[in-house]
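For reference, the structures are reproduced in the following blocks.
In the two complexes that follow, subunit A is the common piece, with subunit B as its partner first and subunit C second.
What follows is the complex of A and B.
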């Protein structure tokens, strides 16, 4: 460890609305709210605006729509603060106080309203060999591509579930990888029905078709999944099955992921109701806690267009005039139907529940095997007895998979919801802490 | 009709587990019942410091005795109990505290506990991340740390090996004369041991045990950053005085390289939520002694409830209001340490053997006689 930082005073920002997450949903919400004259601050862990999709968009420049939104956001007067993880939030009377680890310094934000736009993370289901070097998440592969890593000449399999596999497979093919197989666990009939319904969301069709075109030479196999990865010190081959036939494929890289899990920890900390691991919201994107709204993937996996619209709606709901256009509401309804179809189409098959064997490592942080946890009566017992999910990642990687495999209910949420420096948790506002001047007065006045 | 048992232990926390172990080792047939699962109560929240403490002569006798029992057990404990003989450093901030350290050394010596006094330079060498300018410390080499939930399970496993049976997920509704009522089951036995921790008064009205909340923070792994359990000399005052709120510097190195940062005490009933201002004060206190902790990453916080009696001593012995009832509860912030001493003492009392330490200060009857806080 380095020498400690001098002083443990926190910076204070006072705003009307705090948006947590700068993905499509958060960008749209912040833009609309700030355009109405509110003082809006956006906090995001990432170093760039754009969330999972735009930040990680690989193979080429940021799409035009993203550029348009990001430009609108910066014109709106909303202040975006990057490199900032929200680790705690409390409410007192009509005000929320957010605590964030902002590049190692403590930041406190007071706001009358909060919009949660925390997105989703990938769902991993453990299987033998998944911890071998060469096995990575689909999102992880995307991030690597973005950062310039080369997959040229590598034999790659993309296996798992969901539409996310397509763009990643396309980017991999583009970057010169030898794409051997894209294995989708869902049944062909379900995927075809979903694809046939795509006319309701034309943008998706175009997108899907474009992705498909890029790796046409590779086989896209439905009803197919990977059961094990093999190799001495790194990945050499994988076992693939379609339920009838099981075979080996020699590979250098396996990209795997079984869809997305909404990030609902902050919502749970605030006391918002959740159902099926998704934040419950009403037609106005309001959660069950007053003055807390939620948008995007955290309220249900639905893709970027739906996230944008939900964001726009929430941004309008909090604004002084609070008018929501019918067109937006209609679009949201249509996209919600598409989202539900997608979830149905890519529902995880029962066989995946028997992917791990007794010896499969489920928690990499604490090196815990599946056999050690599978008989626990609840997540809390497994954690206490085996330390599963108690390492630095605090179960963010392994617990959703275990919840799927063992039908556990998620354990309680406590601050910090993600690791924070001791100096951040112990920070206090200096006695003379004045709200930092982030907003110019004309914006402040407009809010009267 | 359930079979008759010599003893039914209510509660599979570390204290109940230790009682079951000692009783079954004495040849008694033992049944352990727990409403949830073994080690799920306060034991799940404890820091796991096996420590000799001298708040009172009786506390010193029980902790020193328990320390010896743990040391004997240590080689036989499974790895997941994470027993580490790291020792304790009682850190003195100034000369006045150093005087107290010297006094502590002679008190410990009288109880056969070996200690060493470290000079400021020796302390700095032993724990380079403590702030400079401290006056010295008392090193108690015999102290250790364990991982409490697995400590409780290990003791329970030994009881099972001795023939005891354990039933989890069974809530006891009432304790009667030589029987226990759980749901629609009546289990008859010669003696019942109420080892329900902070919940013991629910089953035995009249025993003065209250929950005293504590917070802990755990960091990511920084192997070698801290090597001994570090406690400020003022800790005893914090533990003894029943103020509504107190914090003390208490940092523990875990086998994993993680550090546990404590400790706090609050009387707020059963509210288990994180009190941010207490966490801040606790961390500030820790930073005061170990400034470098500022850059450690804290990965988790939690709370637990110490079962606390007015005189801070556990209740160990028979409860004369109810035939066949024995109490083993109220271990405040030392139950991980004193569990094994408690089990042995109780088994000796029940089987009529001469106990190794004087049981009188722990007799539950003292609370009926109205002994208050001293």
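What follows is the complex of A and C.
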């Protein structure tokens, strides 16, 4: 790890390829690129390599699936820098310069190519009481659990949509939580059709059955969703409905989320085309901007196996002797079909569009209510009048939900894309010659 | 860090209360285990706690060693760390 420099000096890293994100897609891309002799640097916001799906604690057990890839990555020579959020990217001639906040210090990375592996976040649909402490994301609960939190003895409901609910419910039950209910908003028929289609991937059926077995005593209800959360200073109970019957459940924790939203802010800042909130890529994982590639969930929600294959393809594409195996391309095509079927099965029901009331807070950063924004014609107008989506999270939490509720088109992205200290934004390379260069000059010489 | 398989413990101070937590735990997990509801206070005075767990939502912001607005979910506890919760916005 680099020592932060004093004052406003930035640390400089010069690389051939900068990979943004150290989840499965970024790990695979960085590994393949570095194995070809390129100088590769990986920037990641988290504390450990693995992203969200392979999240683990420092010194703690690493998920088995992740072990092989993380070992390959470290052997490849790629450098991973944790605790690092990208703030801005400049494009000059054939080189990109990335500005990042690295544990509070400025970091500049110059690279000829960028591979975006920025992953996804959860889709939240606002409802009364969702701002109470104790209401959290489904992935959010999993992340807390994997970073040392104990849910033992807590009364928990998992309510929302998508395949993420099963493994999270299983790990919560496993850790001693009193799981009251797992509520999937999708209709039973859609979920069953999806499950029946899993015969193409028997490993997934076995995995799903194992997850379900861990919380067998808890009801898994389809066509069921939470309409409100209640409590004084923290969550005490929730209102649940299945459209015919509505009831209250006393809970300590509500885990909620309606699927995943690709993180495309950095791609849009770079000028990459996006379609339906997903980065557009070609068969080589290239975006519409030269020398910018994108892999994993940011190019469409598809899960870990697809992310790994896309990462491998992109890592090979940037390699000096690019060669992509036909087997990889065939696997990617099959997994893309499975991903589309999954998105169809967990399509969101119309009733969810009436979840928020006029008084429901939608923007948690600026405390803006649904009533204040619902008549705006577009996101930009709403922002101008109410500051909705203009707080520290820059709309990442509320805007996807508002897009679902109000069919807004996304607003333009401007730097800094993350809140950053002025000292980071105004940092200069005090003296290029003295700036720290991470790579040993012998690395990558073979291809220069 | 794990020492001989057992998680080492270290001392932190949360709002003047001294507690022992397992090394490797994030500040967010440590506060959750302590039963903290309000990690921060919103612009209109509401208590808020962690939501995304991965540095996106900024709801778990606390003051760590006098540095305000630190995302508790992205920072691991360190021995002697001072954490202040429910600070304004």
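The rule is short, and it goes like this: the second predicted complex is superposed on the first by the 426 of 448 C-alpha atoms of A that agree within 3 Å, B and C clash if a C-alpha of one lies under 4 Å from a C-alpha of the other, contacts with A are read in each partner's own complex, and residues count from 1 in each chain.
In this section, a residue touches a chain if its C-beta (ideal position, glycine included) is under 8 Å from a C-beta of that chain, and two chains touch if they have at least 3 such contacts.
Being a predicted model, the structure only gives us computed values, none of them experimental.
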| item | value |
| --- | --- |
| When subunit B and subunit C are modelled together on subunit A, clash or fit | fit |
| Partner chain(s) touched by A:364 [first = subunit B, second = subunit C, both, neither] | second |
| Which of subunit B and subunit C A:246 touches, first, second, both or neither | neither |
| Which of subunit B and subunit C A:392 touches, first, second, both or neither | both |
| Computed vertex angle (subunit A) for partners subunit B and subunit C, CA, steps of 10° | 80 |
| Which of subunit B and subunit C A:428 touches, first, second, both or neither | first |
| Partner chain in contact with A:416 - subunit B first, subunit C second, else both or neither | first |
| Partner, of subunit C and subunit B, that touches more residues belonging to subunit A | C |
| Touching partner for A:219 - first (subunit B), second (subunit C), both, neither | neither |
| First, second, both or neither for A:90, with subunit B first and subunit C second | first |
| Gap in Å between nearest CA atoms once subunit C and subunit B share a frame through chain A | 7 |
| Residues on subunit A lying within both footprints (that of subunit B and that of subunit C) | 104, 391-392, 419 |
| Subunit C-facing residues of subunit A, complex | 45-47, 52, 57-60, 83, 85, 104, 121-122, 124, 131-137, 139-144, 147-150, 233-234, 361, 364-367, 391-393, 396-397, 419 |
| Contact set on subunit C toward subunit A in their complex | 1-2, 7, 21-26, 28-30, 32-33, 37-39, 42-44, 46-59, 61, 67, 69, 73-76 |
| Contacting residues of subunit A [partner subunit B, same complex] | 1-5, 8, 88, 90, 104, 377, 380-381, 384-385, 390-392, 394, 414-416, 419-423, 425-428 |
| Interface residues, subunit B side, partner subunit A - complex | 37, 39-40, 44, 80, 149-150, 153, 168-169, 217, 219-222, 225, 261, 274, 276, 279-280, 283-284, 286-287, 291-302 |
